[in-house]
Amino acid sequence: MSDRIPVIAVNRVSENAKKTLDIVRKFVEEKCIPADPIFSAQIGEGAQRWDHHPSVIDDLKVEARKLGLWNMFLAKGHYKESPGFSNLEYGLMAEWLGRSRTASEAVNCAAPDTGNMEVLAKYGNEAQKQQWLKPLMDGVIRSAFLMTEPDVASSDATNIQLSMKRDGNDWVLNGNKWWSSGAGDPRCKIYITMGKSDPTNPDPYKQQSVILVPADTPGITINRMLTVYGYDDAPHGHGHITFKNVRVPASNMVLGPGRGFEIIQGRLGPGRIHHAMRSIGAAEQALDWMLMRINDPKKTPFGKQLKEHGVILEWVAKSRIEIDAARLIVLNAAIKIDELGAKGALKEIAEAKVLVPQAALNVIDRAIQSFGGAGVSQDTPLAYSWAGIRTLRLADGPDEVHLQQMGRNENKRGAAVTATINKQKAASDQLFAQYRVAREVPGPKPRL
Amino acid sequence: MSDRIPVIAVNRVSENAKKTLDIVRKFVEEKCIPADPIFSAQIGEGAQRWDHHPSVIDDLKVEARKLGLWNMFLAKGHYKESPGFSNLEYGLMAEWLGRSRTASEAVNCAAPDTGNMEVLAKYGNEAQKQQWLKPLMDGVIRSAFLMTEPDVASSDATNIQLSMKRDGNDWVLNGNKWWSSGAGDPRCKIYITMGKSDPTNPDPYKQQSVILVPADTPGITINRMLTVYGYDDAPHGHGHITFKNVRVPASNMVLGPGRGFEIIQGRLGPGRIHHAMRSIGAAEQALDWMLMRINDPKKTPFGKQLKEHGVILEWVAKSRIEIDAARLIVLNAAIKIDELGAKGALKEIAEAKVLVPQAALNVIDRAIQSFGGAGVSQDTPLAYSWAGIRTLRLADGPDEVHLQQMGRNENKRGAAVTATINKQKAASDQLFAQYRVAREVPGPKPRL
Amino acid sequence: MSDRIPVIAVNRVSENAKKTLDIVRKFVEEKCIPADPIFSAQIGEGAQRWDHHPSVIDDLKVEARKLGLWNMFLAKGHYKESPGFSNLEYGLMAEWLGRSRTASEAVNCAAPDTGNMEVLAKYGNEAQKQQWLKPLMDGVIRSAFLMTEPDVASSDATNIQLSMKRDGNDWVLNGNKWWSSGAGDPRCKIYITMGKSDPTNPDPYKQQSVILVPADTPGITINRMLTVYGYDDAPHGHGHITFKNVRVPASNMVLGPGRGFEIIQGRLGPGRIHHAMRSIGAAEQALDWMLMRINDPKKTPFGKQLKEHGVILEWVAKSRIEIDAARLIVLNAAIKIDELGAKGALKEIAEAKVLVPQAALNVIDRAIQSFGGAGVSQDTPLAYSWAGIRTLRLADGPDEVHLQQMGRNENKRGAAVTATINKQKAASDQLFAQYRVAREVPGPKPRL
Amino acid sequence: MSDRIPVIAVNRVSENAKKTLDIVRKFVEEKCIPADPIFSAQIGEGAQRWDHHPSVIDDLKVEARKLGLWNMFLAKGHYKESPGFSNLEYGLMAEWLGRSRTASEAVNCAAPDTGNMEVLAKYGNEAQKQQWLKPLMDGVIRSAFLMTEPDVASSDATNIQLSMKRDGNDWVLNGNKWWSSGAGDPRCKIYITMGKSDPTNPDPYKQQSVILVPADTPGITINRMLTVYGYDDAPHGHGHITFKNVRVPASNMVLGPGRGFEIIQGRLGPGRIHHAMRSIGAAEQALDWMLMRINDPKKTPFGKQLKEHGVILEWVAKSRIEIDAARLIVLNAAIKIDELGAKGALKEIAEAKVLVPQAALNVIDRAIQSFGGAGVSQDTPLAYSWAGIRTLRLADGPDEVHLQQMGRNENKRGAAVTATINKQKAASDQLFAQYRVAREVPGPKPRL
């Protein structure tokens, strides 16, 4: 809600965005969160889970469009298709979306479509936009981004191995992909696929290309879906997919051969802000549930309500601090993207990427613990929320890769700070002479 | 394996136990772990998951009995039915069992049957033993322990509310139970049930009774199964059960009315050792998997194998230390139980109860992180293992309850240590006089 | 430096403040930090440490005034004596001051004088201002704030016991104070003293008064100085002071009897921002030193420079994140004070109070560890910095008191969020009916 | 006290050791702890701190010898000079010694003399023993071990640079040493010094030698003492020492040129046990002080005694668990040394080296926090204790070096566990065929 924007950021949020933010909040709280259990129930059981999508989401989408909530993620100034919000402003909305399983899709701001639409809007040609961006922006189809592979350390994208070979007017693809999120949904019609088109190029960052692969292209097999702590995330799902002599017309190439790296780098910045703000929303929701629990008059272990236990109050306070600090880190990154683009905000984005999931997991885990058995079960949104956010410490590169990169970048200041400190030491030496005083030297008088 | 017993404990382990331990290890590594995926596959999908049990477990049981591995949990000297191992010795075996999903049941040492057999062996009369203990010890039926309730803070057992009313020769039970683990299995024939038989008794620890309720007694409804993160643990399951006018003959009462507290207290000690040692086994297995992963020559992010990354090596080392410290805490508790019984080992058992799951979760989470996406999925045993052990921080009372209790117990030393320190201060004052020296007083000379 | 202001805050910083910030940075880096070791050396040894103050500070003060750096802490709009900076703007300057032991005093922004000047400016009458505020603002004298007492839990100010009794035109004071920081300095001329003037007042928040006590009033004894991890902080010092029939004219009372609480509450907000931002400066400096260390070509354990060790790079990255998050929390609080005053920013101030010292201690401790033995010794500023910041987790109330208060405040949302969640559950129930779908119920078909 | 020995270890402690342990406890509690403040006061101020040693220690030594408490550290079976205790038994005693600043020296078990006596007993020739071991064992002189150097990463001992050149019958030493602990004491007569005697030897572990250097040898200058946080540890002290053409007769070489590595490796094992057990004693003492504090009826923040605050009780409980786990790790290592020698116990010693200081620091820091200002000051033993133990994370190699080494050692199992897991996977595949069941494959039916 607009009155919850941190004061440090509030003067950058337009009146229109504040108004929209209030509408988002109301829509999420009153429409989406109540619809979440219906969504789960409509998925069904067994094989049925993958052959349809819950109808409740279609009704939510109709409602959202009526309210003017649609595609808010496309940032003002960066995309001509944008409804006019900055990354900061959409970030604040995404926090509310993060409280509900259905909300992001309801307003057509769900991953991986968001990043895929950004790719198409930014790098697609007109034909590609017409064919794929338009229905995606209309919420008529869905999409997947196929990058991660099972047999290599995909956090280092130069390791990607799916083979792309030119054959006449086609590219022929062979290889394996997994964690192809969204590939389970029958509405998923397009795979934006990264592969290696020029494996012997001396520049390891020119070997990759990104190509548009229709989901029904012959030669594609979805072998299975991967689970996340027991959850299958149907009908969305995380696919393990095989490509066997999959032929795609050369016109499906995005930007051109060898430009895959450029594309995936352009894709990452805002998406990380979205994930981060949704995670903060999930953490806020977990804190709300924890507050509900500790005020439950039926829960009185050892004669006191949970809210009277000092340990629990400390959990509440620490959760408040951790969420608030994490949110400021993300909003600061969002503003930096708004001002300098994602390339100018690498440090800030990385900080958000690493800090937010850990903070959110802490908060959610405390909420789980306060609920006892209900916390790990289907009776609260907590366990599912925890499992999903746990994957963010792995997705788009594990924390450790980002920390190493950040450490190396920060360390570039090494020579400069060494020079400064040495200059300060030299200046001290001069001052010792000038003030005719000797350095403090504890210890016995020198024995010679 | 016997050569892995910590040196501090090794001289308390009999030659026979060492030999058995080696057999356990071999059986787990060569038979049970390979059978785990078959167990999962045989469960099946949808409703089918709850209508049978995987046949592979029956074959493992036959094999285990042939090897002499059966009911090792029943401690020597405490139960005449014991095969002759101490809690320490069985604890060492339980560590191996903890590496496999099927192993504990294969050797008839699976919870909650173990605790239930202990109850029956310790407190059951001959008829009760004949009817329920015998088939349980033979591995012919399974059992559940019904204590936790959804509407109260069950960590404080005085809150239990299932009503037991005497009516003629019967007790009539009404109420709700949940987290009734094992109730999903078609072989589960007996519910050892705690309820309130004397709610107005002025002694809050005499209001409860424990009674034996056959699973097919009319009036019992299994409403649903609770999930743990996304796992349903079929066919075992965690039931949410309603009792509506459930009639049980008075002869099914254990020990006698009002003795429920006594019984549940007698049940907890060794079971916590079993859980703890199995968790340590799961942590060891996670460490093994992590070692496999970091030595995988195909995983070379940024040109180095994972085992060459210092951060990962530190994870390995910390995991080693945390596991080893946790194991010593458990073994020390097991020995204390062996020597003084569970009542004499309350502090040591509580230490194990709190420390071990947290250590194991740390280790397993690091292993997950080292695997990336495979870690959270079905492709490693890690995510399932993590979810199961996470519940141990809640089951039998959340960590926080145990920590408060331990804090209060430790604080009983408060008056004594205060007296000691004050005596020491007084003795110092005397010495100042005797040595004619003044206390160090930093600061300016007193201004008067 | 102005180019390091987080983007989220930069548009609230005036051009004048940015210019001043650059001057502050230059002054601290080029004048104050080099002067720090001279300051230490000029203190001397033994009793001499308390009989003078280092002359280097006087020279720095002359230089600072020339540069226009003086009393910047007095916030624009809150004090007519203000040089015109907001709390946000001064906060950014305080970060630089925090890198040097001498800088804060050099620009007359050192605690506890800052808080004391705020008290006098806000609550003092003209005569009091003339006598004490003027020389304090001129940097001619120094001051102490006497609140904490050795024999009670002073974090709860109602426990304060120093007795104030009216006797004719005087108040007569008896009691003990400690942690009277700054009382060691010969220039410290005035003690702003809190005591109990009306111990039987039924309102526990009206029992206290604040009175101005000249340091040379008869009956005052400085018994000794307290050390902080071995440091005596001479000549400043932390005094343990006895009051024995100390007579002070009634005109020295601030605001009036019974208004002590009001005064100390008004004193706390901005001071916590100052401490927090100085701590962040100390953390940044520690990170700089760590970078120097890990780039030292002479330090090559096991054949690699420290900067090539992944664990160290992770420390650098985590330090960067923790500092940046902590800074945003403080700046957000500073802006809230600027806009709503300290009373409107209680939550934000408390977040900074708790988060910042812990973050700074983490960073400094990592830097110490990277230096090995040099880190704990006098050869780096790290150990002294750590010790000083460690006291911030205790001063003005330990972390735990603030966390409890924050927890209770956050929990005030308990009823509201419970209502919201229950409303959402009811709405779900309606939707289940509307969509004619049943809740997901894992488990076997009900056995009846 | 003997009744506090963990049950897991008690059957390895002889009756004589138990009796002695009780005497140690009584001596520490009734004599040494009261003498600690006298020791501090007798040190005095300024230069005086380094020109004498407190006389109270001499009286304690007389008393200790009368009680038969002398040189207990020299392990039975390893040294013919031993009074007959195992490393385990002395470890239990060292825990009590760790509660007092004076106790270890009082019973002639103070570092670095202990390690130095071990070196002389194990590697010294008869003349060396006569000249130096005898007076050390009699407590007549003290000693220092000079290894660490300021300009290199000394954690990697191959970096040591102090030059040793043969010149006729002498070795001539040039270079710098620091952290030469004990060098401040006027009784310190002998420096056991490591240097590089053969810098071009192709085997980097044969370049070093250890030689005995009388403290009064010409050419030696103690430049200064290093502080630990603000403590100078006078009269013991941590010296920074310069060697300029220091001539030592060749007969002072220990074992022979090039055997320095062998000697320092032999010196480390038991000393780490001693440090670790003393740290555990310091942690126990901190816990005792914390209990005193939280039971102080005068400390009642917000109307409750500290012992009634749940957060504090949790600190007490966690401290109990951490201490107990750490103690078991050390005792297990001590037993392993007793049985296999230090070389056979490398893993266990490293575990203790890393785990114990961190556990002790946690406990002591909590105690400090519970005391508020008194905790960081001279009014409790806590701050001094914390500072001393903090150095143990650096001394003898920082934690990180040990963790890397442990990680590498543990990783040696990598190939074996990979083979095991792969064998288990192959066995599973066979079982799938045998049981005619397909692997669980969540997800939609394959689209071809």
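Going in written order, the chains are labelled A, B, C and D, and every chain counts its residues from 1.
One rule holds for everything that comes next: contacts are C-beta pairs under 8 Å (C-beta built on N, C-alpha and C of every residue); 3 or more make two chains touch, one makes a residue touch a chain.
This one's a predicted model, so the numbers in the text were calculated from it and none came from an experiment.
Interface comparison, C-D versus A-D: the pair with the greater number of contacting C-beta pairs is C-D. Taking each chain's centre as the mean of its C-alpha atoms, subunit C lies 37 Å from subunit D.
If each chain is reduced to the centroid of its CA atoms, subunit A and subunit D end up 47 Å from each other. With touch defined as above, residues shared between interfaces to two or more other chains in subunit A number as follows: 47, 227, 232, 309-312, 314, 378, 400, 403-404, 442. If you draw each protein chain as a dot and join the dots that touch, every dot ends up joined to every other dot.
By the touch criterion stated above, subunit A contacts subunit C in their complex at residues 6-9, 11-12, 29-30, 33-38, 40-43, 55-56, 287-289, 291-292, 294-296, 307, 310, 312-318, 320-321, 324-326, 328-329, 331-332, 335-336, 339, 347-348, 351, 354-355, 378, 400, 402-408, 410-411, 413-415, 417-418, 420-421, 424-425, 427-428, 430-432, 435, 437-440, 442. The touching residues of subunit B, when paired with subunit A in their complex, are 45-47, 148, 150-156, 159, 178-179, 226-232, 238, 298-302, 306, 309, 311-312, 368-369, 372-379, 383-384, 386-387, 390-391, 393-395, 398-401, 403-404. Within the complex, the subunit C residues that touch subunit B are 47, 50-51, 184, 186, 216, 220-227, 232, 237, 239, 309-311, 314, 441-448.
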